[in-house]
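Presented below are the structures under discussion, each in the form of C-alpha cells.
Okay, so subunit A shows up in both of these, paired with subunit B first and subunit C after.
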Partner chain A sequence: MKHTLTLCGQMALASIRGQMQYRFSFIIGVLGGMFFQGLGIVMIWAILETFTSLGSWGLAEIALLYGLRLTAHGLYLVFFSSLYAIDDFVREGQYDRLLVRPVHPLLQLMFTDFRITVLGDLIGGIAILVAALSRIDIEWSAAHVMLITGAILGGAMLDGAFQILPASLTFRFVESWPARVVFDDVFSRYGNYPTDIFGGIGSRVLTFLVPVAFVAWLPAAILLQKETFLPSWTGWLTLPVGIVCMSVAITVFMRASRGYQSSGS
Partner chain B sequence: MTISPSLPALKACTGMALQRTWAYRSRMALWILRNMLMLFSMRMIWTAVYGDRTVMNGIHLDMMILYVTIGMLQAYLLEPIASGEIARRIQRGTIASDLVRPVGFLPQMLAYDIGFLIGRIPLIAIVLPFAAIVGSLQAPPTLETAVGYAVSLILAYVLSVLVWLPIGMIGFWTINTTGINFLAYSVLAFVSGQMVPLWFLPDALRTTLRWLPFQGMSYAPLSIYVGETTGYDILITIATQAIWIVLLAALVWWIWQRARYAVQIQGG
Partner chain C sequence: MPIISAHHLVKDFVRPKRHSGRFAALRTLLTSESVTTRAVDDITLSIDEGEIVGYLGPNGAGKSTTIKMLSGILTPTSGEVEVCGVVPWEQRTTNALNIGVVFGQRSQLWWDLPLTESLALIGKMYRMEEGKYRANLDMLVELLEMQSFLGTPVRQLSLGQRMRGDLAAAVLYEPPVLFLDEPTVGLDVVAKERIRSFIEQINAERRTTVLLTTHDLGDVERLCQRLIIIDHGRLLFDGATNDLKRRYAPHRLLDIVTAPDGEGSLGAFIDALPADFALEHHDGMGATFAVNPDVIALPDAIAIISSRVPIIDLGVREPALEGIIREIYETREVMA
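Moving on to the complex of A and B:
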C-alpha cells in the first residue's frame, strides 16, 4: 500500500515537472479554468441584481450551491483529470503499459497524466464556498462541518463515478469522450441550482437517475433549512451515495477492461 | 495581389471547408444533445427567476426564452473556425505551406471560414425542431424586424471573424493557444450578451458593454429579433456594428503585419 502510494506520487510529480516546462501555458491554463467558473457565478450575480432571487434562493445561497459543486468538481479533477486521456490510451495500445505494472491500472491512469491546471477549479470552488458561507447566517456546529465535508467528498465521488462509468465504454467503442462530456455537462449545468426548478420529471431524473441533486442541493437544503421534495435527512446521504456509485463504476470499469484489445502497434 | 487568379484558389479553400463540415456530421447528434441540455437548463433557470412575474423591466419571459433559443442557434452558425485552424497549423508546422501559396494567408483563412458557414446552414435546419420543443421559436414580428435582423446577423458574423482572427494569431508568438482560446471563448460568451442580455445587467456593466464591440457579435442581432430594438434604433445598432467592423479590420491588418514576421515553423 505504502509502495503504491509512493509510486503514484512519483508519477504525479513526473507529469507536473513535464507541464512546468511550459510555464506560460500553465498559468493561462489555471487562469482559464478559474475564469470560466468565475464567469458562471458572475452571470448568476448579474441576473440576481435585477431579479433579487431565484425562487426562495438569494445570491449567497445560490453561491453556496455553486461553491459546493465546484469544490467537489475540483477535488474530483485533482484525482481524475487524466481520465480524459483514456481514449488515446486504448486506441494507441498504451493501456498495455498499465497492465504489466504492479499497480492497479485505474490508479496508474489517474496519476500518469496529472493535469496541474485543474487546481484552478479547486481554488475557485473553495473561494466561492468560503465567500458564500461567510454571507450566510447559520449557527455553526460540528454537525454542519461534517455535513459540508461529507458533501464535498461525496460530490467528488459522484462526479468521478459518472465519468468512470462512461469511460468504461472505451474498451468496446474506442471513443467514449462524447458520453463523458455529456455527463460533465449535466453536473456542471444542473448542479449549481436548486434541483426542483428543473420541473417534476427533470428534478426526479437529476435525483434518482443521475444523482446531481446530492452534490449540492440536498446538503445545502439542510444547512439553509429549505424544503425539498425529499425528507431533509437525505441531505446526509451524499457521501454514502457517492461511495456506492463509485464502487459500482469501478467494478463496471474493471469488468469492461477485460474486453480490452491492444492495438498491436 | 490581383483578384482574378486567386479567386479559384480561394474557392477551393471554401469548398474544402464545406466538405469538412459534412465529414463531421456524426458529431451533430452530440452537438444537438449538449445544446439541448444547455437550452433546457437556461429555460428553467429563467422561468425560475421570473417566478410569479410574467414581465420584468418590460421583457416578457417568452421573449427571454426566445432570446436564449435564437442565441444558441446563432452561436452555432456564427462560430468562426479560422482562429482554431491557425492555431492547429502553427502547432503542426503546416503553416509553412499556407504561407508560401501565391494567395494571401488571410484571404485563405477567410475563404475557409465562409466554407464552414455555408456548410452549417443546412445543419441548422436539423436543429430547428429540437430547439422549438426545448426552447421556443417564433418568426420575427414584422418585416422591418426581419430585415434588420438579417443585416445585423451578417455584420455580427463579420465582427466575430474579426475578433477571433487576432486571438488565433497570438499563436504566432506563443505557439500554444489552447488556454487562450478557452479563456476567450468563455469571456466572449458573456461580454457578447449571449449568456445574459445587456438589458438585465447592472447599470455600470451594461454601459461598459454597450461601448465595446463584442455586443455586436450576439446581443445586437438578438435584441432586434426578439423585438426589443425597434425602428430608428435598429439603424443605430447596425451603424455601430459597421463602425466597429472598420476599426477592427484595421487592427487585424496591423496585427497581421507583425504576426507574419514572428512566425516560427515547427518541425522539419
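Moving on to the complex of A and C:
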C-alpha cells in the first residue's frame, strides 16, 4: 500500500515534469480553468440578482453549494482527467502498455498522464468555497471541518465513479465519450443547485439514481441547517456513498476490460 | 517443465456486422449480427527455459495475438496458457513481474520523459533495490551504448535508439521470460546487429527465455535454434531450424565459374545434365547447381563437374532460410 502510494506520487511527478516542457499549454490550462469556473459563479450571481433566491437559498448559500461541488470536481479532475484519453488508449492499443506492468491499470492511467493543467478548476473551487464560508455565519467545529472534507473527497469519488462506469463501455464499443459527457453534464448542470428545486421526481432521480445530491446539497444543508426531503444525517453519507460507487465502478471497469481487443500488429 | 505452455489456444474477435448499401451506417449501428474472425486457432506449444524461439508467419497470421495472450493483454476465447506457472490474464500483476515485453511498433516508454526517467520509473514499479537497479542500468547503458541519449525525451529518439531503450526497459528487472514482437522492424543493419547480439548475450548470461516474432530471417538465422511457424492462426511447423532446412531444402548449392574457354563445355554439361544435378542458375561462364548430398556425395558431384568443365572457382552454399519460408508461406501447406 505504502509502496503503491509512493509509486503513484513518483509517476505523477514524472508526468508533471514531462508536461512542463509544454509551458504554454500549462499556463493556458490553469488560467482557462479558473476563468471558466469563475464564469459559472457569475452566471448564478446574475440569476440571483433577478430572483434574489433559488428555493430558499440566497447568494452566499448557493455559492457554498457551488464551491463545495466545484472543489470536489476540481479534485476529481486532478486525479481522473486522463480518463478523457481512454477512447484513444483503447482504439490505438496503448492500453496494452498498462496491462504488462505490475501496477493496477487504472492507477497507471490516472498517474502516468497526470494533468496538472486542471489545477485551475481546483483553485477556482477552493476560492469560491472560502469566499462563501466567510460570508456565512456557521459555527466552526471539528465536526464541520470533517463534514466539508468528507464531502469534497466523497464528491470527487462520485464524479470519478460516474466517469469510470461509462468509460468501461470503451472496451466493448471503443468510443464511450458520449456516455461520459452525459454524466459529466448531469453532475455539473444539477450539482450546483439545491436538488429539490428540480421537483419531486427530479430530485429523487438526482439522489437515488445518480447521487448528485450527495456531492454538495445534502452536506451543505447540514451546515446551513436547511430542511431536505431526507433526514439531515444523510448529509454525512457523501464519503461512504462515494467509496461504494467508486468500488462498484472499478469492479465493473475491470470486468469489462477483459473484453479488451487491443489493435492490430 | 516448460516455462511457457499453451494448450489448444483460441482467440476470436467479434465485431458488429458492417452493412453496405442503403442506410448502411444506420443498419450497422442497429445490427445485432456480428462477424467472428478467428485470429488464433488451436495453437499448442511449449517452450523450455533458456530457449530462443522464432515465431514466424505472414502478416495477419496471429503472431501478435498469441504474444498478447501470453503476456496477459488479451483474454483467450478458449484454451489454457501458463507462463512461469501463472495464468497471464488471471494473475496479471504476478505475470507482469515475470515477463519483459517489447513491441517494435509501439514504445512502452513514457513519450515525454527522458529515457533515464522512464527507466527509473520502471525500476520503482518493479520494486528493484537501489543497488541492483544501478548495477543493471550501468550494464545496459554500456551493452546497448545508450550513454549519449539517456537524457533525451523518448519522442525525440531515433527508431534505433528508442528500440534499445525499450529493450533496456524490458530486461531491467531481470524477467525470466522475454516477448519480443518485431524488435528489429525498420532498423538499419548496424542497429539490427546490435539488438541481435544483445538478445544473444542476455539469453546466454541470464538464461532468459525469448519468444520473438520477426519478418527478418536474419534474426532467426542468427538467434533461433527453434522455429514455430503459423498461418491463419494455425500451427504449420514447430521444430529445430536445422530440421526445417533438412526437411524442406536438403540440397546444397554449388556455384561454379569456368575458365575463359570453358563456356562451351559448361553449355554442353548443362544440355546433358546428369540426373543428380538440378540447374538453379546459369549465365555465360557461371552456373549454380542444386545437389542432394543424400543422393550424391558432394566430392563426387564436384569431381563429375570438374572432369567435364574447366573450373576456376567453386563454392558450396546451404540454401537460405528465406527461400524455404517463402515457399511455405506461398503453398501454405500444413505439415506439422
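Here are some notes:
The rule is simple: the second predicted complex is superposed on the first by the 259 of 265 C-alpha atoms of A that agree within 3 Å, B and C clash if a C-alpha of one lies under 4 Å from a C-alpha of the other, contacts with A are read in each partner's own complex, and residues count from 1 in each chain.
In this section, a residue touches a chain if its C-beta (ideal position, glycine included) is under 8 Å from a C-beta of that chain, and two chains touch if they have at least 3 such contacts.
The model shown is predicted, which means the values in this text are computed figures rather than measured ones.
Residue contacts after overlaying the shared chain place A:Gly202 against subunit B, while subunit C stays out of touching range.
By the document's definition of touching, of the two partners only subunit B reaches A:Asp185; subunit C does not. Of the two partner chains placed around the shared chain by superposition, subunit C is the only one that A:Gln19 touches, whereas subunit B remains out of contact. When the shared chain is aligned, no partner comes close enough to touch A:Ser134: not subunit B, not subunit C.
Of the two partner chains placed by superposition, A:Gln225 touches none, neither subunit B nor subunit C.
In the superposition on chain A, A:Val42 makes contact with subunit B only, while subunit C stays out of contact range.
Touch criterion met: A:Gly32 reaches subunit B, while subunit C stays clear of it. Contacts from subunit A toward subunit C in the complex involve residues 3, 6-7, 10-11, 14-15, 17-19, 21, 93-94, 96-97, 99-104, 112, 258-262, 264-265. Contact residues on subunit B toward subunit A in their complex (touch as defined above): 30, 33-34, 37-38, 40-41, 44-45, 47-51, 56-57, 174, 176, 178-180, 182-183, 186-187, 189-190, 195-196, 200-202, 205. Per the touch definition, subunit A reaches subunit B in the complex via residues 22, 24-25, 28-29, 31-32, 35-36, 39, 42-43, 46-51, 53-55, 117, 178, 181-182, 185-186, 189-190, 193-194, 197-199, 202. Partner subunit A is touched in their complex by these residues of subunit C: 13, 64, 68, 71-75, 89, 92-94, 96-97, 99, 101, 103, 105-106, 108, 110-113, 117, 121, 124-127, 153, 181-182.
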